[in-house]
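Note that subunit A is present in both complexes that follow, paired respectively with subunit B and with subunit C.
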Partner chain A sequence: MHRNKQLIIKFLTPALIMFVLVFIYPLLRTLVMSFFQVENITSSAGTWHFTGIENYRRLLSTKLFHSALINLFKIWFFGGVVVMTLALLFAVILNSGIKGKNFYRNMIYMPYTISAVAMASMWLQYVYNTKYGLLTTMFSKLGMEKLAAIAWTDPTHKFWAMFIAYCFGMVGYHMVIFSSGIEKIPSEYYDASLIDGCGAIKKFCHITWPLLRGVLKTNLTMWSITSVGFFVWAQMFTSELAETSTITPVVYLYIQIFGAANAVTDRNAGLGAAIGVVTGVLVILTFLLINAAVKDDDFEL
Partner chain B sequence: MNKKSSIIRHARLWPGYLLLTLWVVFTVVLVGWIFCASLATTAEIFKGNATKFLSGLHFENYVRAWKTQNVSVFFANSLLYACVSTFLILVISMPAAYVLSRLKFRGNKLIQTSMATAMGVPLVMIILPLFGIVTRMGLLSTNLSTRLLLIFLNTGINIPYTIIFLLSFFSTISSSYEEAAIIDGCTREKAFWKIMIPLAQSGIITVSVFNFITVWNEYFMSLIFASGQEVRPVAVGLYSMINSMRYTGDWSGLFASVVLVFLPTFILYVLLSNRIIAGITQGGVKG
Partner chain C sequence: MKTRTLALILALTLVLSLSLAGCGDSAPASQPAVAPADSGAEAAVAAASGASLVYWSMWEATEPQGVVLQEAINAFTAETGIPVDVQFKGRQGIRQGLQAALDAGTVIDIFDEGVDRVNMNWGSYLLDLEAYVKDSGYEATAIAPFMDACREAGGGTLKSIPYQGSIFAWFYNPDIFEKAGIAAVPTTWDEFLDCCAKIKAAGYIPITSDDAYFLSNFGYHVARYGGQEAVLDAVENGNWDTEPVRKAVEDFYELGKNGYFSPNLTSNVWPNGQNVEFALGDVAMYLNGSWLPNEIRGLAGDDYVWGCFSYPTVPGGVDDTSYANTSFQVFAINKSSQYPDEAFKLIEWLTKGEWDLKLSQGSLGVPADTTNTEWPAQMANVKPVLEGTANRYIWAAGAENNADITPVLLENVLNICSNKITPDEFISNMLAASK
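Up next is the complex of A and B:
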């Protein structure tokens, strides 16, 4: 076994070094930093001042950060409901015996492979454009002048405009995961239900849904992880980053540490670290919540 | 009788067909319109004639975007980052995934769990110290070191996912071929390169395509680390271009740039869509 030991060391070391450099060390440093007042992101640890939970206290008493958390919750919760419902519905339709299953599946997944910046440009410069955009043109052709006149990216509509564009791109990914889950359900179950004379809805409620819980859990976990990092879409939909309607925790951190000089009152990198820790805690909390809410112990696919 | 029942069955599926078709039509309109607009003039776009090509096809939009809008630079950067990172990720992840899937040793389970957990770590939890350290080391002062840094980071953050993916892919491959080779006097290391890698080719290609697309589209890290025009990848480059477009008003050039940015991953997807989709659920899940 001596030779194996050498091999293990040789084969694992590069990966472990990268892992420590890119994950472990930065993670620990962020955690420590969040309890310090740090003048500048580049300040060495010697100049940090320990302030306990002051950063967290400040963060949680900042109005703009409240908006960020509320927006994030809206994206995670409502977006989760919308995306999971559509993704599941599409996955069920794909597996209901339709022709051209692969074509539909590949087309619906496609937007997910396109850069978010490019996707957001398409929505902003085409769908929501008020001069020649899809919605404006469509509604005025249909004679719905009121709807045609809506400026989709003005402050009152902006959040939901962004929400719809974001969800549109995410449906395909979660649909593929649901679909592969449904494909793994033994067809005997459906054959048996056919003999018993079950309709499509009954079939879904008694077979598909209960057996998809594990897959649902995967989907919800992935959805939560992606949601927490919500940034590009908010940046694309706002010219002023510090906008209450679309700000999220990551946007807040970006303003705090890297940008928009006018919006930053004090440059405390410790505050940024605290935001990082808060997002990490949110991931853990949603993970625990999902595990408590969705039980998949009755059947293993 | 059978044919009739099949027609009835398909007829009963019409709401499903309708829904999926509507969704696909919208996607095609969305992407198709951008293609059309990239070949029209700005004046035509604003008159709502982007899809009519009244004055012919304007391929010069692409030339303009490529040359004057710096798309060629962003494109070359993304290509460099994506290719080199994808390669390095493989070279580092494949051996690690191999010993984790084939050999029993203390800490194996712990490493696997750590890798899986890392896939859920938000980027903002690691970005601040990384930025602080590399700035202090002066790594952002030259284009070369910034490029190397972006390759290093793109490689590092995608390793856990790749290891988890390959790990589950390797474990679906029977170990009997390697065992036979080892009995014949082949070392385990040689067995890995000569037997495992060729057998696992399809999984390796799939995960590489994923990594290529991920690095090509990477945005947040590049936004923070690549401050100069010359080192920006396409996503950040496009963002800066959109901002300057507000002043230049060259909308057809903008749409041409958008097309150029998503074209490589789009073509890759069109060519390999079945393999990519099978890969999403085959091993681990791509975040």
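Up next is the complex of A and C:
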């Protein structure tokens, strides 16, 4: 027993050291840094100036950060509803025995495999462009001049333009997760329901949906984590400057740590750390919310 | 319960790690050192001394500046035998990674970026170059205003060497001006409005821009009325209800009302305005840096000569056309460099004589060496504007100096130009945002 313990310690120690170095140390450093004014993220601790909760107070009073949080909520909530609904719908359809399942699954998944930079460029240049973009051309040909005249990337519409593009790219990823969950459901359940005369909707409501709750929880957790880290799409839809319609907490964090792109602006890595802490707390709250809302322990496969 | 607590901790650490992951340097690892193109006796002597340099470049390897710099450095190595490890980091790579790398003790001898960022953000890492400049007589053939600006940015001493100078001014399509019957470039706001009217009457769109640059229009216009201080007072202190700001906003509202802005102005995400509208000849004027001809040469034709004029004066304004945002990139030497002499030698190599000229020709830029009097033909109209500039604005005349305000300001300026809000609403929106 004693030898076993020693063996366990020997095997675990390197992993624990790595865990502490790679995860716990940055976490604690970020937490501590959030109470200081820090010029650069790599500035030595000796140059930090303690400011107490000033960074948090500033975040609370900065309207731009409020906009960033509101945008994040809209992406998480509305995007979550849209993406999860479409992903589940596609997953159910693809697992209903249709021909060419693999082809359709690959086609729906493909946008997720393409770099966000390339995808955003494609949407901006070939879909939303008001001169030759797909939407303008299509609506013009259909005689819908009002729709054709919409400037999809102006301050009024830019958030939703970005939202649609982002959701388009994310559906495939969550569809694959749902699909793998559906594939795990024993076919006997569906065979039995067929004998009982169940239609497609009843099968979904009484078999698929209850048995997918665990997968839904996984999907919602993954969606929440990727939403909090929303950055590249916002950068691509605003080029050099941040905009109120697309800014998210991580974009704001980036500006605080590295300064603005064109002008040389003040930097404060401490404020950036405070943003990291706030978004971390948000994820915890979301995680608790998801756990409370989605119960998956009443069914077992 | 324990599993949930553990999962909670893991989720938190993951998010915090992700939040800070973007802070790391995403640039690729060190590239192999450039081998000397020629292994002559001199090269062998220098190589034997062990001197070698690492240069972190703000350029991409594939853009004209990167291509010419790589050629110049190859030639330098062949001439001196000093190997130079060039790492093309790009703008974002330098901005994100340089200071972290310097703090970590990474060997970097030379780096470059804009004069303000190098001196203001990284000033404490810079070697004082006054003695080098004095001993080599460098300044005799350098652009004096740029050297002065470098000293000013360096807190009174020279810590960086300018190259790739630029000026922010109006660029115009001479063919459209000719078709519109415009004989001379405007120098006053009334003349500018007259130009716009003629261009519109000729069937063209007078003005466009992109989201990345449009706040420069606003900054310049307010500065023309009240000086750069008026812009900074608004942006940094929240004093938006002032005469210069109000007049500028009213002027922009009128431009929008008269249909002088491109209908795509509010939706242009860079580079749509410059590439699709301006370069292809739909729009007559675009306020941008003198790097513009280089950026659109592939679309407009390599030899097309764009027109250029300084931002016009406004009625009752305090700043005339001698005020403009002039800027330039600078080379700086890390004060911890083991080979500062060799590093300065490389800077001289790149910013003087043959290679300065080639860099200028290759990138349609302003030569740093005053003996290189021949500017690229495509820049012929930029030269008099730059020479007529005696006073320097900072970027956008300060309109982007407050990162918390910039996004709100851009949105409101675009809304003024599309007449979605009135000047009064603009003022009240900005006052509310600045509280």
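The rule is short, and it goes like this: the second predicted complex is superposed on the first by the 266 of 301 C-alpha atoms of A that agree within 3 Å, B and C clash if a C-alpha of one lies under 4 Å from a C-alpha of the other, contacts with A are read in each partner's own complex, and residues count from 1 in each chain.
Here, a residue touches a chain if its C-beta (ideal position, glycine included) is under 8 Å from a C-beta of that chain, and two chains touch if they have at least 3 such contacts.
It should be emphasised that the depicted structure is a prediction, and the values quoted were computed from it without experimental measurement.
In the three-chain model built by superposing on subunit A, subunit B clashes with subunit C.
Once the two complexes are laid over each other on the shared chain, residue contacts for A:Ile247 go to subunit C alone; subunit B is not touched. Contacts of A:Lys203 after superposition: neither subunit B nor subunit C is touched.
Of the two partner chains placed around the shared chain by superposition, subunit B and subunit C are both touched by A:Ile275.
Applying the stated contact rule after C-alpha superposition, one finds that A:Ile98 touches subunit B and leaves subunit C untouched.
Of the two partner chains, subunit B is the only one touched by A:Leu21; subunit C is not. Once the two complexes are overlaid on the shared chain, A:His174 sits clear of subunit B and of subunit C alike.
Stretch 222-230 of subunit B is the one among 42-50, 96-104 or 222-230 that clashes with subunit C after the shared chain A is superposed. On subunit A, the surface touched by subunit B in one complex and the surface touched by subunit C in the other have residues 22-23, 26-27, 30, 41-44, 125, 131, 221, 225, 228-229, 231, 250, 253-254, 257-258, 269, 272-273, 275-277, 279-280, 283, 287 in common. Within the complex formed with subunit A, the subunit C residues making contact are 4, 7-8, 11-20, 22-23, 91, 95-96, 99-100, 103-104, 114, 116-117, 120-121, 210-213, 215, 263-264, 266-272, 276, 394-396, 398, 400-408, 410-411, 414-415, 418, 420, 432-433, 435.
Subunit A contributes residues 22-24, 26-27, 30, 40-44, 62-64, 67, 124-125, 128-131, 151-158, 221, 225, 228-229, 231, 237-245, 247, 250, 253-267, 269, 272-273, 275-277, 279-280, 283-284, 287-288, 291 to its touches with subunit C in the complex. Subunit B meets subunit A in the complex at residues 9-10, 13, 16-17, 19-20, 23-24, 27-31, 33-34, 37, 45-48, 50, 91-93, 95-96, 98-100, 103, 105, 111, 114-115, 118-132, 135-136, 153, 155-157, 159-160, 163, 187-189, 192, 213, 216-217, 219-220, 224, 234-236, 238-239, 242, 251, 254-255, 258, 261-262, 265-266, 268-269, 273-274, 276-277, 280-281, 285, 287. Across the interface of their complex, subunit B is touched by residues 3-5, 7-8, 10-12, 14-16, 18-19, 21-23, 25-27, 29-30, 33, 41-44, 89-90, 93-94, 96-99, 102, 104-111, 113-118, 121-123, 125-127, 131-132, 134, 137, 173, 176-177, 180-181, 218, 221-222, 225-226, 228-229, 231-232, 235-236, 249-250, 253-254, 257-258, 269, 272-273, 275-277, 279-280, 283, 287 of subunit A.
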